[in-house]
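Same chain, two partners: subunit A is paired with subunit B first, then with subunit C.
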Partner chain A sequence: MLLSLDRISKRFERSSGATKLALTDISLELERGQIFGVYGPSGAGKTTLLRIAAGLVSPDGGEVSYDGRRLNELPAGELMRLRRREIASVWAAETPPAGLEVLEHVAMPLLVDDRDHRGAARRAREALAACEAEQCAGMMLNELSDGERQRVAIARAIVIEPRLLLADGPARNLSLIEQEAIMVLLSSLAHDARVAVLVTDSDSETLVGADSVHYLLGGKFVNPAASTHPGKIYQFPGRSRQAAADA
Partner chain B sequence: MSAKHAVLGLLLDRPAYPYQMADLMQQRLGPSWRVNSGSLYNTVKALESDGLIERVHRSPDGRDERHVFAITQRGVREFERWFEQTPDTVRLSRRPLLVKITFAGPHRLAQAMSKVDEYERDCAERLNAIAGMRDALPGTDEKLLRADHLLLRLNLSSDVFALEGELRWAQHARELLTWLAEQEGALWPNGSGGERGSASASARTQLFTRIARAGSDREERSNTPRAQHPAPERAAG
Partner chain C sequence: MPESTEPPVLLELENVQKDYSSPGETIHAVRGASVCVREGERLALLGPSGSGKTTLLLLIGGLLRADGGSVRYAGRDLAELSKRETLTYRREQLGFVFQGFNLTAGMSARENVAVPLLLRGVAHSQAHERAGVALAEVGLSRRGSRPPERLSGGEQQRVAIARALVGEPSLVLADEATGNLDSHTGEEVLALLGELPRRHGAAVILVTHDTRAAAHADRVLEMSDGHLRESATPATALPSAPTRP
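Right after this comes the complex of A and B.
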């Protein structure tokens, strides 16, 4: 098992002193070559879940294991090595630095890891080409369309040739064709490159094609005995529940 | 579904004149249940001849169509049978618009797109009207909570969600048709086209094969006993 979250919980203190339960009793297991989808409304805990899986935030309860080792027991240097070499992420709320060319931006994870410049540029081009964004290489980051920005963000994530990809709403705000292209790219990354992919979205339809799709609401998985068949979202009561609440 | 069981359902609450039934259907179930008096008359006649409803009394003016109808015991049993035993499966509609788009061919894509625009406008107008109706109903925080109002909201919501879905589809159809119109070399069923470049596909295959191999190598290494695990290597310079 590459990534395993076992009964994770996380609380946040509000400025009023009240406590918000961001995640309660979340368990999931992810193997190389699998794509795992989590959908839920804003505030459901999707980003917190990914940040915990990335080792950026420690849970208050439960265990996160990566490749059989507990993340919270790893020395800081080793955790950093994992994040530089094996665990890649795409964050929804990330604002790319201004004044940077796309190629440099995509090569950056390799450069901060002391790789040689020419090799990093070559690999950045390869990653952009694999994401159908080679035409963006010479553009400035602020010149990109939403769809191009997401492709570039994924290229930047896979340039390190990771084993785990955490993608927080990578298809958000995109047209349906672009959403589909992003999901095809992520599926191929899981099934052909054998990367473990954990992807979130606010909408379940976007995640059709994931190996399993889970509904996260108020920090809990709704119906944790979830579908393991691609595209089977109908087993989840979440959508109908939402509809009843709106009616 | 025919209006038959909706009429039986209405009469479960109280007897009614046929013309009242038409109004009540819309009041309880929403505007998509509008029926003309002719077809309602046929429904009532059929229900009566099947013994599912009966005339209970004649109106004071004595005119035939002013008969008040009530549900019979057999009618109640039929409603219950239908309620319990008929499966509630979803039925997708066969839209003429889809036939037009499907068989438009490469030279009529622009016209197909304008049909989509028309459809989208129609959906938007109807969505506005029905959502307006739904929002005008009393909310859940009123002093007197009326079940029929709440259930009518549920009916209207069903149309609202369906129309939202249609709008979403129209948006998708426009995206897809625009995209298709820009593609040179799409293969059409009449045999035209059929050549596409695949430079990025092969770039993807190459990189992803390499990532898969590198991942397997790491996996093998991490399966070796921890004590022999090599120290994190420095990047190749």
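Right after this comes the complex of A and C.
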């Protein structure tokens, strides 16, 4: 198993002194070539879940294992190495530095890892092409459309050829067609390139194409028995794909 | 004739205008702004949300083109720069500090700071060494291996300041740099932004609605409804031009 979360819990202290249970008793397993989808409303714990899977946040309880090794027992340097070379992420709230060209933005993880500029640029072009965003290479980040920005973000994540991709709402704020295109891209990464993908969204219908889809609410997975039927577990009122298209 | 002791002009805005148009509506974000910034000078640009401050900063940063007037840097009109020249201008002359820090998750603080140098083609080992020096300057020499997620908000903004300064820019643009920080930490960040760029010989423009920034500036400008004017707030004397290291 590439990624395993076993009975994870996480709480945050609020400035008022109150405690918020961000995650409670969360378990999941993910193998290479699989897409694991998690959906739920804002504040459900989706981003916290991904940050724990990335080793960016330590859980208060339970264990996170990557390739058989417990993340919280790894030295900081080894964790950084994993994030640089094996565990890639796309964060919904991440704002890249201003004034960067797309190609150098995508190549940046390789440059940080001491790869040569020419090789990094070539790999960045390949990653952009894989995400059908090669036409963006010479553009500035602030010139991209929302859909292009997400494709570029995924290209930047996969430029390291990761084994695990953590994608936090990569289809957020996109049109239905663009959402579908992003999920097709993630499916291709999982099923063709054998990347393990853990992806979140607020809407289950966006995650069609995932091998399993789970509903996260208040930090807990709910309706686990129904979770093997992607796209048919939960429907937000008035938000079916057809209704949105008709609108 | 005695020689002028004033530092040379670095940035000059002359009657700059910027409009945002949508069907049936035109917003005049910047209306005829004129200002001159000298080398090593510290400006606080104050004004409420929506007054046009950030638009002005984007115009100076070459991220927006003016609809009228001119933005000249070291005597050159930014509108005349090619895309490549604009990129070089931003990369080599400017340092940016944002409200949201804009650090890359998962990369260590030192790696985040090294990025501007790596993009310029500086060797990896040298870039990391200089990043370490920059982090020490902001008091984070022991935090270099931590990713942003394991740093406090104030520490993240210090990393962003180190990143802005590591390439030895001539001008640092700080947009609401204290917006996500508590009052005490915000004051510390303002003090750093008032002191560090100057030590490096860089001018700094602090765009903020935080009036405490005035205490860390040589001059205070106010922006209101797209109009820019010099504030009546007393400011300290212009600095002499520091020697660039």
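The rule we apply is simple: the second predicted complex is superposed on the first by the 224 of 247 C-alpha atoms of A that agree within 3 Å, B and C clash if a C-alpha of one lies under 4 Å from a C-alpha of the other, contacts with A are read in each partner's own complex, and residues count from 1 in each chain.
The rule is short, and it goes like this: a residue touches a chain if its C-beta (ideal position, glycine included) is under 8 Å from a C-beta of that chain, and two chains touch if they have at least 3 such contacts.
These numbers come from a predicted model, not from an experiment.
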Combined model on subunit A where subunit B meets subunit C, clash or fit: fit
First (subunit B), second (subunit C), both or neither touched by A:Val57: second
Subunit B versus subunit C as contact partner of A:Ile158, first or second or both or neither: first
Which superposed partner A:Arg11 touches (first subunit B, second subunit C, both, neither): neither
Partner chain in contact with A:Asp114 - subunit B first, subunit C second, else both or neither: both
First, second, both or neither for A:Glu101, with subunit B first and subunit C second: second
Partner contacting more residues of subunit A (subunit B vs subunit C): B
First (subunit B), second (subunit C), both or neither touched by A:Arg172: neither
Angle at the Cα centre of subunit A, taken between the Cα centres of subunit B and subunit C once the superposition is applied, in steps of 10 degrees: 110
Touched partner set for A:Gly68, first subunit B, second subunit C, both or neither: first
Which of subunit B and subunit C A:Arg83 touches, first, second, both or neither: second
Partner chain(s) touched by A:Lys220 [first = subunit B, second = subunit C, both, neither]: neither
Overlay on chain A, subunit C to subunit B nearest C-alpha distance, Å: 10
Doubly contacted subunit A residues - partners subunit C and subunit B: 77, 114
Subunit A contact footprint on subunit B (complex, rising order): 153-154, 157, 161, 171-172, 175-176, 179, 199-200, 203-212, 214-216, 218-219, 222, 232, 234-237
Contacting residues of subunit C [partner subunit A, same complex]: 61-63, 87, 90-91, 94, 96, 98, 100, 102, 104-108, 111, 114-116, 118-119, 121, 124, 145-147, 149-150, 163
Residue ranges of subunit A in contact with subunit B within the complex: 32, 67-68, 77-78, 81, 86, 110, 113-116, 119, 126-127, 129-132, 134, 158, 161-163, 175-177, 185, 188-189, 192-195, 243, 246-247
Residues of subunit A touching subunit C in the complex: 51, 54, 56-57, 76-77, 80, 83-84, 87, 89, 91, 94-101, 104, 108-109, 111-112, 114, 117, 140, 142
